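Please find the structures below.
In what follows, subunit A forms one complex with subunit B and a second complex with subunit C.
What follows is the complex of A and B.
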């Protein structure tokens, strides 16, 4: 049998080169692996730093979204810890907590990849609209004995008397003046569920049996009541209801009249959206003026006199204080009014008025037969005995239509909240999508005022499974 | 007969050994060179990376503190090209329960005074201080290996040697312009062989308060 040269080599030499080669390869591979591991570790570290930075900006975006929501009259809550809002490749949720005095704390948590950050700001609503001042007088405010002043929030629901379901909101009433404020008289129980604040030089005079639940600290500065800018429209003459033609309806639109006069047993309806400029507005005893803002806001500018006589009726069926405005630009004559000359404003009507009354240069006296849901500002404001005024907190932000934005009081970085989604060490957005959660875009994740509290949030099995 | 010839060829000739040893030496030197080069590169890269990360982390930490500071409390104010090596500030903590100014609204609450700057002149460390200069002073070192003079800068010549817009700046330099603060941080890390690795990072942040 013939053997090859290799088969004849000694056993000790077989595979020797292979072993040496393997050793070298193994050493090089080990070095390579270490290198790769180090690189991966650095990359992870860098990705973590990038995620943290993105989460920070995500949280900033959440604050901006909440701020925008408040400016638009929403609650400021955007998304929830269970159902956060999507923003680019991350998510955030923003909570808004009312601190009183128009201040709101917004807390936003941003999540991006493995990064998490929580930021908080305190903002103050700085609406300068006249309505946001509540019941305000330039020279003097008098709340007579037996009157009630409280508040409610039309965005949350209908008015509830103090102690009712919405009783928490009743303490936000605002009575204020650039001069002095007198609350209460010698008879009756007078209650102001909120603030009663005189001007910097004014004083607060309290009568017997008077309760004021809020602050009575004077304002540090006076607040000017800006004059009314009356728009100019083509005149339509006068509209007068008579016994033979007792009904009149003013269609939506902008127009001007010399006189609107609702005679005895007459009824005049003004439909919104409209802006009406009128020199004389009169409603006689037995007549009714209906301001219907169901389809849009109604603004009535009175340049001369407004006389809603005793026994007349004023109604606002839409029950939306933001939508109805009575603006009287006439000036109160200096000194005593001569006999036979009517004052600019005579209010002796009956009914519930949902809206705002603004008469910066005239005196307004709200009768005990009237309930006002909204706000009123006048040169001198008198709330007669047994009158009931309910300040609508929604008017605090109604100034947004005038372009005013909340102001920032402070910003800070705070600890992450103790919620399941924050404890996840994964990409929250990817996990939520895997779990079939419909993650809404930020602009669609806003909550209206009162909406979040009324909602029962579903607990996500995903989050509880990951974090028992 | 054939078997005898095989037995005579069982060893190596001198020439074979010389060639084998030569080749082995060549291979080993190459392997050593590759491994050594790799190790050196790895070490250098790690050092650079560590220095970068150290500077980046410290800068982010300082930036976050400045972002949360009250802009009016940031002193002293130094428009570019002048800069300062430390910064004093207060942080906004929230709205409290008191109305000290009597405006009918609760007042904002701010932190104790704080400072970011060199721990001591010769330390080469940058610290965050609480209640600086008082008996209640505490501090935490935030970053080490910060030179007293910025990288590339020659001190006291009144010239912007490193062309970053600042003249004779220190290792940690702040420039405040309104609510914006520019922060420049240098680190100088020893490579363990008598050399140093230098890095400079900078960022500009806006105070939110």
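What follows is the complex of A and C.
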């Protein structure tokens, strides 16, 4: 009998290796599971860290967007907690709080994946535009007896006289000077619904029956009026209206003239958008100059003389102070002006002017027959008796003509706000999209000044439903 | 042609007005030769002013200045009548401005009319600057003057720019309610330019307005208190911050900031708490601190300086106590004193700091220089002579 080469193990011992192998497999599987779990945990941790970092940068992007908005003349608010702004694969919302003295606190919350971060900065609008100074003089400002200076916000609505509910914004007028300010005279009631501030070495002298509702504290530093940079365009000669050709219209565009002269009973209309450089701007008695900025802004640079005679009319039908600028670069002659020589600016016209007047080197005297809605800056500014000036608060944030940016005063990391979107456990962007919310891109999510409160926030109910 | 005739006719008018006046003044049939030469010099002055000839003006003025005060007064007084042409009035004021005496502002004020306000103000300012006794004369005439003339005096006296002028404005605040607002405004500005504190009466006058019922002048007084950096006005200003109208509150906030260097805004509770703390220091610790500063050992002097460096009110008083420490034998104490003075930002210790720059220790000199630059806002080099020239006393 031939025996098997390998002797079979006894029945009772068969399967022992299997058990050992199973044990090994089980051990390996367990170790594998542990490893996978560890890996997953690590990945989650890493993703969390990455999300936190992304959220941090998202919040930074929100701050930058708000900063940029303020530099552009917007409110600084970008998105809201209910309707945040989209940036790459995350969202953020930035709020801007006015702190006074030109300071703004921007707070931005960024959300990316499961990461959340909130940052805050304080910025200062260091260099204001000339128009944002209100009615400003370099050497001297005189508001004669009987004049009224107040304010309104053209973005909110039409001007309302002070006193009523609608006229609440009237207290924000700005009268200022690098030198001294004289408000009021011996006759008439003079009212400044706002500030009247002399320069650091100037004084404020008040006449009888004078009311100033804001501060009269001197500025701590003087503000230079920057010179006007006059653009250069090909000359189109002169445009003069006569009795036989009383009407003239200057089409939109940029051009230069030697003279624009509106004769008696003539009417000249300047249509925007346009930039006009003119050496002599004259409107005779009975003539009318219409600056129509309905289709775009109009800037008129006067390099020589501007004479809007008594009995002439100046009108700005678009009623948008931001859209119309009269910039006079001529210099006031030193000392007394010789007889027969016209001063750079003679303003005796009638009408309501919506716009800004800027004459850093010339003296401007606003007559009692004129109402100015906007702002005016000049070397010496005189507001004659019974004149009415209404500073447009929209000019405060209408952007700096000098192109200056706000300056950063402080930065800090703060706690997350107590709002629904921050408490979401999932990716906020994905959730908002799932809910059908059209999340705007950051550049389209800026709010204008005063706009935020009026917004309807459609995502609010949705988010509250998910996180009661 | 016609213009030339008219000009000559106007000049002739000077002689026509002047010579008979002088003749009648002396009750003589013909003016004396010296009177004639004075009239001729005056006429030359009018012509030179009209022609814009500086040399001619100076020559005529030089001749008129040699007249006795009485003769000059007689000459000018007779021109100070209604209807005198502006050119002649300006020339007369020119003479007074150049050589007027304390009695002459009253004559200058007789020329006051629309268009000549600046010239009258210039004249009075020149006389008062030249002779401080003028302020006493102005005290006497102030009461009888109309508001316009009082306002001219206020402006002229501000330009004198001395502590005595500040004192006059303080008296004006108390006596002339119609120009109180303007006097307060100008006093505030003058105080910022003075190298030493104005008289104590001035502070009292401003505080009286702050505490009084003259609402017309209250705003001006708030600003003046700030510009005077009057720490004793702090309670009044905090009270205004608490109960005043919005405009007054804004002004009070500004003044408190200027006096203390603190920016506590509208937070009345914090202002109250801060003021109570500082008052307590003055009540409880000031005496020992000043004694330590004067005669304590090094550690006590340093502790005192550090304690004083934390205070904000009565900065100028504190600065005057700290200033002697700039000459402390220990350079570290002197350096610390300069640092504390820099934080106090007092403009009244410039001379002491300039002296400290003459010390041999570089660290003291550097700190004193830094403080001088920050308090004066002048970018002078680290050269003791340059600063000594700025603070000669």
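The criterion applied here is as follows: the second predicted complex is superposed on the first by the 387 of 468 C-alpha atoms of A that agree within 3 Å, B and C clash if a C-alpha of one lies under 4 Å from a C-alpha of the other, contacts with A are read in each partner's own complex, and residues count from 1 in each chain.
Following the convention adopted for this analysis, a contact is a pair of C-beta atoms (placed from the backbone, for glycine too) under 8 Å apart; a residue touches a chain by one contact, two chains touch by 3 or more.
Everything numeric here is computed off the predicted structure, so don't read it as measured data.
Chemist: Looking at the overlay, does A:409 come into contact with subunit B only (first), subunit C only (second), both, or neither?
Modeler: first
Chemist: Report for A:217: first if it touches subunit B alone, second if subunit C alone, otherwise both or neither.
Modeler: The answer is both, since A:217 touches subunit B and subunit C.
Chemist: So in the superposed three-chain picture, is A:42 touching just subunit B, just subunit C, both, or none of them (first/second/both/neither)?
Modeler: So A:42 only meets subunit B here.
Chemist: Would you check which partner chain A:205 touches, where first means subunit B only, second means subunit C only, and both and neither mean what they say?
Modeler: A:205 sits against subunit C, while subunit B stays out of touch.
Chemist: Taking the superposition as given, does A:103 touch the first partner, subunit B, the second, subunit C, both, or neither?
Modeler: In the superposed model, A:103 contacts subunit B only, not subunit C.
Chemist: Quick one: subunit B or subunit C, who's touching more of subunit A?
Modeler: Tallying touched residues of subunit A, the top partner is B.
Chemist: After lining up the shared chain so the two structures overlap, which partner does A:61 touch, if you call subunit B first and subunit C second: first, second, both or neither?
Modeler: Neither partner.
Chemist: Find the residues of subunit A that appear in the contact set with subunit B and again in the contact set with subunit C.
Modeler: The overlap between the subunit B and subunit C interfaces on subunit A comprises residues 195, 215, 217.
Chemist: If you look only at subunit C, which of its residues touch subunit A in the complex?
Modeler: These residues of subunit C touch subunit A: 181-182, 185-186, 188-189, 192, 216, 219-220, 223, 226-227, 245-247, 250-251, 254-255, 265.
Chemist: Using the touch rule from the top, collect the residues of subunit B that touch subunit A in their complex.
Modeler: So the residues of subunit B touching subunit A come out as 6, 10, 27, 31, 34-35, 38-39, 42, 46, 49, 53, 56-57, 60, 64, 67-68, 91-95, 99, 102-106, 108, 208-209.
Chemist: Which positions of subunit A touch subunit C when the two form their complex?
Modeler: 100, 171, 195, 201-206, 212-218
Chemist: Tell me, which parts of subunit A touch subunit B in their complex?
Modeler: 8, 10, 24, 27-28, 31, 34-35, 38, 42, 45, 49, 53, 99, 101, 103, 105, 120-122, 195, 197, 215, 217, 219-220, 408-413
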